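Pasting the structures here.
Next come two complexes built around subunit A: one with subunit B, the other with subunit C.
Moving on to the complex of A and B:
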């Protein structure tokens, strides 16, 4: 197994930092999957993290000036690492004016992702900071646990309103309730709702638009027959939703919310070269 | 300390209104008296209680230290930003060509989980670079950050005098009106010895690294540094001895107040506040010394 890459361009570095920061906000530890074309940050739906799962995909060519990898074997040219994204985030935080950042897989006292940051200095030689970030190499037999999550046939797919607006609404609701109901229909409406013994609050968003679905075949039976005004809903842990809304730093071009009635909410954030999917299971 | 800070809070307004400041010790009532003589005949008097404390007298002599490094405070503070705020100790390794700072991983931490950060500063960045002994030293980062903040605010370079592991490291700032010595305890030698043993064991693994092309020299540098220094620490001695807020000691120059204030640095005041206090003390130290002389003359 070999892996090394290098970022020189400042905007790429910033962009990569933002992605990693977003991941850091969503999870303490995650799986980093490396393939020749892409990097993936993966969180699988374990009970321990409330059944939430995440799938973040980056196209390496858009971030790295150099990228070389050799997977476990020629057929399985991939590497899976378990790591703490906060460590990368921390290392990148002080690397914002770096001349370059190199990341590579090394075997020191334990397997590490070693980040070497070259910083400008006053003298002719530059300062080099290295961070050894411990990682666990995930053996091949466990790779199946990290398959891209299949998106179940959702009942509604809708564009999200501005995430900042949503965030400020949900932040206030969080003070009142632990759960939030997300409702949406195929007529461009989303309702965020909390209900407690004392108070019910709902916020309505209109004219959001529904993306045209690709998987018409699969969803025909469920969606086609439905009235476009029918509200599909899911009740989720409000902290998980807020974590997602507050943590994201990728400024997506498109953000989509899919709801499987009473089962789960699926968010997709699309930015040119990054896609982030986040799944929150519905609670009874 | 806090109450002293509160007296000198909001420097800008003090500078506008206060004409002189008198600091005296009232031994009869056990009070430290700070009097601010302001404009329009207003006098503010603060009576502060104080406690007797054992003063830790660090034994050190900067002249006999084989190693001296001098660098702008900015260089060092730029270097320590790379370490996490929660990190307690940092190891400094000086070699003829460069100085390496790395985080010291404590005993309890699983070395396979801790992130290691290492930074090298080349010799050219230092103003003075005298080395005779190449022992790595490990000292407290928190206090180091504090004194860097102080040195940076006064814009003065820091001199580091150090000997071997376990001997105090003296960080000093000099100026015509101010001379401050911060003495930090360093981790004793026995701990480091056990560490380097660990290193011996850890080293062979390094050979698995594959380094392609241009990275080679940089890797070699890394391996040599590994051979000397810290990571999985075994520091029973150090841990049992709850860092006595590394002995900070100073020889203040122009006035006695400084002495008192600086000695307290190992305590907890947040940097900003204590920095501003220091400013206060610098400003007064020059002014006030003169004042006192005047008073004595007239008495006599």
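Moving on to the complex of A and C:
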């Protein structure tokens, strides 16, 4: 098992930092999966974190100038590591104007991701800061737990409004209620609603547009026939939604919300080379 | 507006409706009196008055004249209701409270009458938020009977001059002692805290003082915990008028200029601390 990579380009480094910071805001610990082509940050739906799950995919070629890996075997050329994303965020903080950053899987007292950051120096001697970030190697028999979540047969798929607006609305609503109802239809409308003994608030977004989905399997045809004004809804933990809206730093070119009526909300943020999926289960 | 025509088909017509092109003209001034959860709202043809009280010793009033609103309709002589101010402010700032919004948020506020919720329609960039806030039984508010004919001392000064003093009040002191006098020290703020006492004197001819009408020497103590919330109003204001009457009651009137350059007023009334008065007499 071997892994080493290197980032030289500053914009790649900044971009990678933003992705890691986003992950840090969303979860305390997650799984890092390395394959020859991609890196994945994975959070599976454990009850302990409210059933929220996350799947973030990065194409390595767009970030790294050098990238070498050797998985557990030739057939299964992958590595799964359990780690705390905040540790990487913190290490990257020192790397803001680095000449390069090298990341390597090492075995010191325990398995570590070793990050070597070369900082600009006025003298001829180089300044290198090294961070050893402890990780746990996930054995092969557990890999099945970290499969890409199947995108459920959702009832509605809709483009999100400006995340900034949505964030400020959800922030205020969080002061008033613990739960939020997200409603959307196939006519480009999203409604965010809260209701308590003191107040009811609903925010209406219009003309958002629904992505044109080519239904691959026939079962999705049933949605096509549904009334476009029918509001599919999901009631979710407002903190989980706010965490996602406030934490994201990827500046997506496209953001999509999918709702499985009364079951879950699925968000996808797409940025050229990064895709972030976030699943929030609906509460009864 | 579409909202209004729709709702008029309902059972009751609205007794009070108003609209604002920039909701911050209302939310900012309400923040200046937001030190308790509940507020009483009085609407008359003159405008809207919102009152918050604490410990039967302090009252804060925010006045938003009818002219500030783009539309202000009232069907009865006066409309009174009590509302949760914290909730109202969260609703008014639903699109964010940042100082430089890209587009101002428009507001329409409607109230059908006793027992009905206060309905707010907020719009920013095509996004509409509808809020229904439950209203409560109005409670009687205090009458401080602060009459301008009984005013003994009055000083008008630029808020700049008071901002620093108030934001750095020694909170370990139980009281703020205010001395106003036609002779030296003219105008003095004193605190008596754990770390010692502090006196702040303003000379009568200071550039900060715009008007000085003191007829007799008065020294009164006011609970600092009661006065501290008025710092919010002070921070927002451009001028402040400090008055005391023959009973030692304090009136602080803040002149607030909103984003459109219009003037609103926030007023704080505070009772003096009686025990000290008794001890001295």
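Here is the rule we go by: the second predicted complex is superposed on the first by the 277 of 284 C-alpha atoms of A that agree within 3 Å, B and C clash if a C-alpha of one lies under 4 Å from a C-alpha of the other, contacts with A are read in each partner's own complex, and residues count from 1 in each chain.
Please note the rule applied: a residue touches a chain if its C-beta (ideal position, glycine included) is under 8 Å from a C-beta of that chain, and two chains touch if they have at least 3 such contacts.
All values reported here derive from a predicted model rather than from experimental measurement.
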So, on subunit A, is it clash or fit between subunit B and subunit C?
-> fit
First (subunit B), second (subunit C), both or neither: which does A:108 touch?
-> first
Quick one: classify A:172 as touching subunit B (first), subunit C (second), both or neither.
-> second
Which partner does A:73 contact after superposing on A: first (subunit B), second (subunit C), both, neither?
-> neither
Touch check for A:197: first (subunit B), second (subunit C), both, or neither?
-> second
Please tell me which partner, subunit B or subunit C, touches more residues of subunit A.
-> B
Arrangement angle, subunit B at one end, subunit C at the other, subunit A at the vertex (C-alpha, nearest 10°) = 70
Look at A:133 in the shared chain and tell me whether it touches subunit B only, subunit C only, both, or neither; answer first, second, both or neither.
-> first
Please indicate which partner A:207 is in contact with in the superposed arrangement: first for subunit B, second for subunit C, both, or neither.
-> second
Smallest separation of CA atoms, subunit C relative to subunit B, angstrom | 7
After superposition on chain A, the subunit A residues reached by both subunit B and subunit C are none
In the complex formed with subunit A, which residues of subunit B make contact?
-> 75, 79, 81-82, 84, 111-122, 124-125, 202, 205-206, 208-210, 212, 215, 218, 222, 226, 231-232
Where on subunit C does subunit A make contact in their complex?
-> 84, 86-87, 90-91, 93-96, 124-134
Please give the residue numbers of subunit A that touch subunit C in the complex, ascending.
-> 161, 165, 168-169, 172-173, 175-176, 197-207
Given the complex with subunit B, which residues does subunit A contribute to the contact?
-> 2, 4, 68, 87, 90-91, 94, 102, 104, 106-110, 112, 116, 121-125, 127-134
